[in-house]
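Structures for review follow.
The following pair of complexes shares a single chain, chain A, combined with chain B in the former and chain C in the latter.
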Partner chain A sequence: MTNVLLIIFIISLLYVSIANRIITYVRVLALQGFILFGVTFLQLKDIQTWNLVLILLETIVFRAVAVPMFLAYLISRNKITRETEPYLPHFISLIIITMIVVITVLLANSIQDTHLDKIFFIVSLSTLFTGLYFIASRKKIITHVMGYLMIENGVFILSLAVGNEMPNLVNLGIMLDVFASVLILGIFLNKLGDVFKAVDVDQLSNLKDY
Partner chain B sequence: MTGIYLIGAFVLAGLLIANRNAILNNLLIIIFGILQICFTIYACYNYRSSFLEYFTFDSLGLLLLMTLSIITIPALLHSYLYIRRHDETPQSRAIYFSALVFLITSISAAYLANHIAVIWIFTEMTTLSASMLIYHHRNKLALEGTWKYVFICAISITFVFIGILFLSLSLQHAGSDDLSFSNLMAYKDKLNPFWLRLAFLFIFTGFTAKLGLVPMYTAGIDAKDKAPAPAGALLASVLMNLGFVGIFRFYAIVAQTSLFHWANLIIFIAAVLSIFVATVYMTRVMNIKRMFAYSGIEHMGIVMLGIAAGGVGYYAAILHIILHAFVKSGLFFQFNQLYRTFQSKSIQHVGNYFKYNPAGAIVLLIGFISATAMPPSGMFVSEFLIFRSLFEGNYIILLIVVLLLLTIVIWAFGKNILKILFLPVPGLDESKIPAINPWESLTQYLLMFGAIWLGLNPPLIFVELIQDTVKILPV
Partner chain C sequence: MLAIILILFSGIFFTGIISRTKSISSGRKGPGIMQPVKDVIRLFKKGSVYSGTTSIIFRIAPPIYFSSVLMACLVIPFSSYKGIVSFDGDFIFFAYILALGKFFNIISAMDTGSSFEGMGASREALFSLFAEPAFFILIGSFALLTGNTSFFDIFSTLHLGSSITYTLGGLAACVLVLIAMIENSRMPVDDPKTHLELTMIHEVMVLDNSGFDLGLILSAGYLKFAMYGAIIADFFIGSLSLIWALPLFLLIQALFAVTVGLIESFMARFRMNHNPQFILALSSVSFLIFLGVLLVLEKFV
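After this line comes the complex of A and B, so read on.
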């Protein structure tokens, strides 16, 4: 079951790569939140109950509901246009993300390790690189933020892989998530929307050496 | 005492942000200054002891904590002058000082932490407080700088976290789950090299955002440019040391394993690229604050060269990073007076500073001599020792490349500083130039001469502390 969920997670990455509208990204992030909820529930068995409840609450409330809702609110409030505006065509994005997944699978197969479930490694590493690719290849700042949130999801999956032995690391990952999301989304994306009318990265090039 | 310090400082930060009264504000800042000094003295008397399980007063932490506390006093003083002059609203003053106290406390705690996750938490806190300082002016450019800083720091902090996860995988092979540095050192032979390699790559890359090396150096430059100069002084000196602490403590463990030479190679690549990048930008840069920031990138590159070269380089690197903190913070404190004189950050609109503020001009001159490591500055000694370690390690070609790049840096830095000091600006309205009180430069003199004294004639206890820091590294 865990494997099925994680494979759906990878498919969601491929789906995002050809998505045309920003709201699709938001929906996929919500879906990923629900998947993480399921994976956490199935994976973390040797953990104290209250800690498990905390982690589950974080995934369902924060990742699956609150953050996507807030993103949708930001999009409508700042009148961000629907297009994702990639620098590259969707087809090339799809190829690149497929390549990322294939390479991480090959990399994972070269590892001889009994302590790690390989699928966690594959999913988290491909999510990490996909997120970085989204940050590099999309024009709008809000898509950069979504790329970052995707990286967070990938890191969370990796922390679940060691979660039974070191539950504190999962808690740290949650702290990182809450901290970064609140800082990035709450304060500055709000401000950026007020100050820069259309939130494009092109407008963030005024800091110069001369 | 560590608990009292942390709770006390955070309470002070909370009071500062809630308070709108000017006198009470100053009183709270003075209390924080006293608390910081008392804590440092307490740390000196409790050398090598551990507190609250996650903090140890070890030699590296102690050295950098003393550096931080020495720089804190002028930073608070100049912040006070800065805020008073700019007629700030009580609200923006409250946020500024609260963020400053929060930043200094987080840095102190991160220096002393003996657990990699605790360092990580406090590094996160420094991002939060530094972003408040960068956003101080609340205009479009400050927002851009803050956004870039927050975003890049968030990605780097995620990288460090991934590194910690890989490290935990590596440690599971040794049958342990305690990520404190002493435990990692105890299990150093059993760590899985594959995961350790990945862990080092991610943790190193993550901490370069704070240290100011390639690849994540960019955010720090904008941050030091947009933050008010007294806060910029902290970002350009003690916050960079925090990145160094994060990398050094983990490197000390990796150096004991079979990955020692591979890790050195990574550090060499990052260090030489940093010096190269700094050189390229130094020749083009027209913004004085950014010029100082790029000079910081170059110095961090030199420090990491010393670490990777080994031998006498270890000692020199620690010495260099401390001296750099003194000199660079002094230059940033002086920048404020320079800005008040000319009302411009651009080198084109600044010149003949000796005529308007001789006391400050001499600070700039000494700072220039120190930052380019010319004798008799203290940094000459440390830089010379780093070059010697490169020579003794048979990195001759690398040494030649670095020396050539540094020559270009000296030329670019010298060209700009000498213009600021001596060349008159055509069409400057002299009647608008305010008189600067020479006493404001006193703190910078103390910092500069402190750096020279520590470099040329270091006290025995200081040398012993550095040697104690580097003795865990292989010869």
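After this line comes the complex of A and C, so read on.
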């Protein structure tokens, strides 16, 4: 069952790579939050109330509901256009992400470590690289935030891959990170949207030193 | 022997169920389930009209297309019954006999000398080219999983393992549904109801065919759907006894037809330049199935 969820997670990455609209990214991030909850819940050895509440808060409430709603609010408030505006065509994105998955599989193979759960490692590493790729290949700032969130999802899965039980402190750290990044970038974007109408990183290249 | 009878039987109703689903979901009265078959019978009674610019290729292409689909149906097994033709590596035969039919269809479209038909032919060739790796990676990974290379052996030994094979089977069924939609030129890729030659793919290729030839091409399309439905059903039937396998087969065929109808009623056709990436995504998903198989077999490099 865990494997099924992780395969769906990777398929969601492929889906994002050919998605046309920004709102699809938000939905996929919400879906990934639910998948992460499923994976962590299945990984739990014994259910303690405090631990379960923390996981629920972290995955469902935070990743699957609060952050996507906030992102959707940001998109509608700042009147960000619906297109994702990648630098590269979607077709090439799809090939690159498939290559990322293949390379991670090969990489994970070459690691001889009994403590490492390989499928978790593959999924987390490919999510990490995919997030990096999204940051590098999309024009809008809001998609940079989404790429960053995807990287955080990858790190979350990586924390499942290495330890057989989750260190709570690590998770709290990741949660704080996500929270800070979304909030800061959100406020930054709101203020920026109030002053300038267009939020496009491409326009930064017009800045010149005279 | 049973498989081909079942495929022919379900092929009669398949397209009717699709159009019935579409008409119900859009609130129309719509044609009856048997209407596609009646259309074909009406076409079979007519003679064909051939343009003066066409050659022998245009005349032989529709029978070759139809017989290639029929040949492909012969290799498909059903529960513990082999297909009429069954040998090691028959899934490669299956893919290439379909490709042969498609090739003749394409060159007959080029033969008419119409610019529209050449355009449609090039699109059809491109899309089946993209769909082919998806099919081969998919069936190839199941061949790896079971250690057999013929359809019958693959399907009869598939479900002896763990529950993960059912997962992979489900994922494979999703991919195969989409491959069937592409190969039959249905909605997300091509709109069979379109009336503009510039946006057609399959329909524009057969613009010049009429009467008996058109009937052959249409009935080959119905058979193709039932054929893919049979493969999808085989993924779940395995080697069940006949009492369970027969209703399950018909149920899966009907479900497949309803799914196609629902997809067609609730999705718009993709823009033409979005099609290649959609089809390539199928290859990526079947690649994931391949990696999953490697994981199950613990055969990582």
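Note that in this section the second predicted complex is superposed on the first by the 177 of 210 C-alpha atoms of A that agree within 3 Å, B and C clash if a C-alpha of one lies under 4 Å from a C-alpha of the other, contacts with A are read in each partner's own complex, and residues count from 1 in each chain.
One rule holds for everything that comes next: contacts are C-beta pairs under 8 Å (C-beta built on N, C-alpha and C of every residue); 3 or more make two chains touch, one makes a residue touch a chain.
Keep in mind that this is a model prediction, so the values were computed, not measured.
Novice: Once the shared chain is lined up, is A:Met175 touching chain B (first), chain C (second), both, or neither of them?
Specialist: In the superposition, A:Met175 touches chain B alone.
Novice: I'd like to know which partner A:Ile10 touches here: chain B for first, chain C for second, both or neither.
Specialist: second
Novice: Once the structures are superposed on A, label A:Thr98 by its partner contacts, choosing first (chain B), second (chain C), both or neither.
Specialist: second
Novice: Is A:Arg21 touching the first partner chain B, the second partner chain C, both, or neither of them?
Specialist: Neither partner.
Novice: Let me test your reading of the model: by the given contact rule, A:Glu152 touches which partner, first (chain B), second (chain C), both or neither?
Specialist: first
Novice: With the two structures laid over each other on chain A, which partner does A:Leu183 touch: chain B (first), chain C (second), both, or neither?
Specialist: first
Novice: Tell me which of chain B and chain C touches more residues of chain A.
Specialist: B
Novice: In the superposed arrangement, does A:Arg77 touch chain B (first), chain C (second), both or neither?
Specialist: Neither chain B nor chain C is touched by A:Arg77.
Novice: Please indicate which partner A:Lys118 is in contact with in the superposed arrangement: first for chain B, second for chain C, both, or neither.
Specialist: After superposition on chain A, A:Lys118 lies in contact with chain C alone.
Novice: Return the residues of chain A at which the contacts from chain B and from chain C coincide.
Specialist: none
Novice: Can you list the chain C residues touching chain A in their complex?
Specialist: 164, 167, 171, 274, 276-278, 280-281, 283-285, 287-288, 291-292, 295, 300-301
Novice: Would you pull the chain A residues touching chain C in the complex into a rising list?
Specialist: Checking each residue of chain A against chain C gives 3-4, 7, 10-11, 14-15, 18, 20, 89-91, 94-95, 97-98, 101-102, 105-106, 108-109, 118-119.
Novice: Note which residues of chain B are touching chain A in the complex, please.
Specialist: 117, 120-121, 124, 127-128, 131, 140-141, 143-148, 150-151, 154-155, 157-158, 161-162, 164-165, 168-169, 172-173, 177, 179, 192, 194-195, 222, 225-226, 281, 284-287, 290, 346
Novice: Within their complex, state which residues of chain A touch chain B.
Specialist: For this pair, the touching residues of chain A are 111, 113, 115-116, 128, 135, 141, 144, 148, 151-152, 155, 158-159, 161-162, 165-166, 168-169, 172-173, 175-176, 179-180, 183-184, 188, 191-192, 195-196, 204, 206-210.
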